[in-house]
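Residue numbering begins at 1 within each chain, and the chains themselves are lettered A, B, C and D in the order written.
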Amino acid sequence: MFSGFPLFPEQASSVAADVDNLYFFLLAITAFFSTLIAGLVIYFAIRYRRRSEVELPEPITGSTKLETLWTVIPAIIVMVIFAWSAKVFLSLHRAPADATPIYVVGKQWMWKLQHLEGQREINELHVPVGRSVKLIMTSEDVIHSFYVPAFRVKADVLPGRYTSIWFKATKPGEYHLFCAEYCGTKHSGMIGRVVAMEPGAYETWLGGGPREQSMTARGEFLFQSFSCNTCHRSDGKGRGPALEGIFGKTVDLQNGQKVAVDDNYLRESILAPASKVLAGYQPVMPAFQGLVNEEALAQLLAYIKSLAPQAARLPGSTPSHEAGSERQNSKP
Amino acid sequence: MSVHVVPLRIYFAVFASLMVLTGVTVAVAYFDLGPLNTIVALSIAVTKAALVILYFMHVRYGPSLTKLVVAGSFLWLFIMLSITMSDYVSRSW
Amino acid sequence: MSTLRVPTVPVETREHYLNADYGIRSWLLTVDHKRIALLYLASITLFFFLGGFFAVLIRLELLTPQGDMVQSETYNKLFTMHGVIMVFFFLIPSIPAVLGNFLVPLMIGAKDLAFPRINLLSWYIYMIGGLLTFAAVVAGGVDTGWTFYTPYSSTYSNGYVIVTGLGVFITGFSSILTGLNFLVTIHKMRAPGLTWFRLPLFIWAHYATSLIMMLGTPVVAITLVLLVLERAFRIGIFDPTLGGDPVLFQHLFWFYSHPAVYIMILPGMGIVSELISCFSRKYVFGYHFIAFSSLGIAVLGFLVWGHHLFVSGQSAYAGLIFSFLSFLVAIPSAIKVFNWTATLYKGSISYQAPMLYAFGFIGLFAIGGLTGLFLAALGLDVHVHDTYFVVAHFHYIMVGGAVMAYLGGMHFWWPKMTGRMYPEGWARFSALIVFIGFNLTFLPQFILGYLGMPRRYHAYPPEFQVLNVMSTAGASILAAGYLLPMVYFLWSLKYGAIAGPNPWGATGLEWRTPSPPPTENFKQTPIVTEEPYEYSIREIKVV
Amino acid sequence: MSDTTSSSHPAHLAHHFDTVEQQRESSSLGMWVFLAQEVMFFGGLFLAYLVYRSSYAAAFAEASHHLDVVLGGINTVILIGSSLTMALAVYCAQTGKRHLLVLFLLATMLLGLAFLGIKAVEYHHKYVDKLIPGIAFSYPGPNAQHAQLFFSLYFAMTGMHALHMVIGFALLIWLVNDARKGRFTPEYHSHIENFGLYWHFVDIVWIFLFPLLYLIGLHDAAGGGH
């Protein structure tokens, strides 16, 4: 794929064909209308060319019928495009519940990736074909953008919060990975490749390399070494709420508001815990801003999310409608 | 010249109302009304601003074009605030 | 009304705005809107060629995929300075400050703009902002991209962000003052009988443009103030490590900068309405629809900025709203294109140079507008966002649209401004060259974009090279097309044929006064008794 | 044709206007359009405030305890008072009371100066208390970060407002000078009227700033913590 003179990008994900169909539809509309207008302009220009300096064209001022026609028809067409593109967008936006999370950190000018199983990669991402993968991404410095043209997915990677994309690779191969948001001197060097592999080959790849602890295990280690477990006790009797099964729930805050526990809420609650305290608890937790780096934070999140629900009940907690899967957008 | 001279008593009446409203807004701020606090404070501020615009700035007696400019500028401000907030309130949905 | 052969009186014997006074002071202290327009013309032309020079370097660098001509820092500065200069110092002032300044009073039968001294002030403000920015370029440039996205611009960039930001901030006030002047002038200074619906569409377009300048520019001004404070003092407003939100910067920035696109294109649409009508000798088809679509674009244009944020971490629901609103803007633009086309129907069409530019505008604007639909389409924008597809799209609008119209307008009103005709053959030739060069430059970029080549890339994968070479070849042709008018316009000042008051046999008040016009525009305030574009009456009075 | 130029062209009528009425209406419309622009200029700051206040309500309420409600309240009274004196100045210009006009303009200046003086005192307190982001900032407790945002906005908003006051003050010096020379008459006083509009606008900005910055945390004066 790295050679020749391509005119059309490869389709290598489950959504690529949907996006391309919309593209072809729009291309057809563009071709039709630009040909129509160019054709009419050229035809009129020739047909009604000035034949004498004294000729007087027939006065025509307008036609409400025509105006209505060329207001209504474009209006209908754009509404069709809107509906179609919104549908494609929502399917790009809503990750399937069973998508495997992979944590991504962008920094000037490299991509760092962590698999749940523990493998870490730089500027390279191995994924299995046929399985949905959800990238949970953040940046250590400026805004980047994770872009895989062959998958037709892209999202800005922001410092201070998580954003996400998901995809399901459909074709084994190597694909471009670009940073699409200008991020400084070596912006065009912040590139890499995504390697889509058959599931078998992927398992082999996962098994190879140096033995790494899983993210959950490392997260558990961090959880204990920061002494989080002294307050966040699983029996719910600690000074902080029990964290078992909290992910994906909607909880009540001290100020009466409700908030969905998603990646961004967990992130904020670790880094700046005083912002949104659960009802029934005191703001006694120290802020971890500056004490944990992005990778460790991802490991803590992976651990907290892995905690199975227990009998310990949270005050006023209710199951959320959606499993908190695509809630990567949150307050600043 | 079609200059409308606003009678002095109106100026003093408006000033007195502004003072009263300032007092009210400070007094109310000491009571915890929940989310109502902000609503009350802003309603009073809007009332005060309206008094200043209508009387001190003579908009009430001015041409309709002036009214249009005033309404338009606040409408635009509202557009900017409301559409941007539509992003912030729906981010965690 | 025969044209082109009316050199009755030699220009020099009559007093007009150009020979009313001499000396550098008479220009630098002038309050005559026509002279100020020429001051602007000279300044924006300089900036155009400076920005164009950067574009040439960018295209040369992209001939090869390795990024081997300049360092990546230099490349980043090149595209930043190209963008900053072209957007803020050329495109935004181009048509309004030059042609608008010259023509708004003439077209409405006024002696000057409502606030002549503020008009001169706006030029000085523009120059101060321009010189500050130019100083930043000379000192070492700035590498943030013309969009100044935080936190790169506020914290990480090593360039002269503060100086450039202040330069743009200051220039914003020149835009505000110009818009204010136009609004008041159009409201209060129309000649007797010149009702709103007798106004030329050029005036309607400038009215709509001025609304955007007034309501949008202050927002980018305060945004740049906050950016400068953030960079100078780390106050945290856009800094995520202090709880700030970089996306807020994007909201504020695009609240102005999307409508700013309409500041560039609306006046161009106004010009094209004049050209199409004049060179087909017909009343503009659907005058009211074109007039109101200008206002419609100005208003709707304010509601769509979030389509620049579809993948920026904006909420998906806000994305849906913005996408919907963005599609609505397509409708008034479509109305305009259809009406121009319909104006040609049963006209008496001549192919003089300005008309060729107008034809080019319609074609390029149609493609630019239609490809805008791709970007408003949420699911598709995710793929093409921040790729060359976007670059191609907005160049079709801003260069294919606005610059084409600007050149068309310059060719149309050049005889009015200078009293001289340029060589028609060369002008047609340059129109053709610009059209061909433009398409060759930017059509390949659509393909590059869909293939996934991100914008602002110094080096790129080798499979993109063929299309990039095509684009660079086109850019060379385009550059020649832009240099040509420069040459023959200057030539015409001395050797051009005497134009006479109305070389095109056009309607409109500006053609009822001599070329160049006297300082106060009209010997007597004209009284308007007829509808605009009354070509069917064919009584074009020559004063 | 019916040009009115030579018939009655008062000295203060600029050459490009036909009538005094047209000139007056133009300058008034120009001023209003300028103020519309000002609304959007401050609007950007209000938007930033709205975004962060809604995100960090508790921190903002807590941080606002560090503002001096008494000084802020006094300043509100002073500024509204100066709006009154300005409105009276316009009244005097309209009715041709030349000496009273000068007097009310001076009163407006004086009140404006008092406002700026109190503002300076407040700024100084903030400096002593180390509450100026970017220059001296140290804030106790877990909300330090978001409190910094509050103070950044506080200084950006009141600073922009104060800058407008300073510009207004400079313009007032010029107006007082012209008024003393009797340049303004009931027929021609656009400058006074337009300046009045500007001054009232600045007052309106403060009318919003005062509750949004000073009053949001009063009801839980016990202070902070959540």
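Everything below uses one rule, namely that contacts are C-beta pairs under 8 Å (C-beta built on N, C-alpha and C of every residue); 3 or more make two chains touch, one makes a residue touch a chain.
These numbers were taken from a predicted model, which means no experiment stands behind them.
**Student:** Of all the chains, which has the CA centre nearest the overall CA centre?
**Tutor:** Measuring from the global C-alpha mean, the nearest chain centre belongs to C.
**Student:** Just the number, please: Cα centre separation of subunit A and subunit C in whole Å.
**Tutor:** About 36 Å, centre to centre.
**Student:** Please tell me the distance, in whole Å, between the geometric centres of subunit B and subunit D computed from their C-alpha atoms.
**Tutor:** Each chain's C-alpha centroid was found; their separation is 15 Å.
**Student:** Subunit A to subunit B: how many Å between their CA centres?
**Tutor:** 41
**Student:** At what distance in angstrom does the C-alpha mean of subunit D lie from that of subunit A?
**Tutor:** Going by mean C-alpha positions, subunit A sits 44 Å from subunit D.
**Student:** Give the residues of subunit D that touch two or more other chains, as numbers and ranges in rising order.
**Tutor:** 25, 29, 33, 36, 40, 43-44, 47, 51-52, 55-56, 145-146
**Student:** Could you list the positions in subunit A whose residues touch two or more of the other chains?
**Tutor:** 272, 289, 329, 331-332
**Student:** Pull out every residue in subunit C that's touching 2 or more other chains.
**Tutor:** Each of 187, 215, 219, 243-245, 247-248, 251, 314-316 in subunit C touches at least two other chains.
**Student:** What kind of graph do the touching chains make: line, ring, star, complete, other?
**Tutor:** If you draw each chain as a dot and join those that touch, every dot ends up joined to every other.
**Student:** Show which residues of subunit C lie in contact with subunit D when the two form their complex.
**Tutor:** Listed in rising order, the residues of subunit C that touch subunit D are 110-116, 176, 180-181, 183-185, 187-189, 192, 214-219, 221-223, 225-226, 229, 232-237, 242-245, 248, 251-252, 520, 524-527.
**Student:** State the interface residues of subunit A toward subunit B in the complex, per the touch definition above.
**Tutor:** Touch residues, subunit A against subunit B: 256, 259-260, 262, 264-265, 327, 329-332.
**Student:** Under the touch definition given earlier, write down the residues of subunit C that touch subunit B in their complex.
**Tutor:** Within the complex, subunit C touches subunit B at residues 187, 215, 219, 247-248, 251, 255, 302-303, 306, 309, 314-318, 321-322.
**Student:** Spell out the part of subunit B that touches subunit C in their complex, as residue ranges.
**Tutor:** Against subunit C, subunit B makes touches at 65, 72-73, 76, 79-80, 83-84, 86-91, 93.
**Student:** Using the touch definition from the top, list the residues of subunit A that touch subunit D in their complex.
**Tutor:** Listed in rising order, the residues are 254-255, 272-275, 277, 283, 286-287, 289, 331-332.
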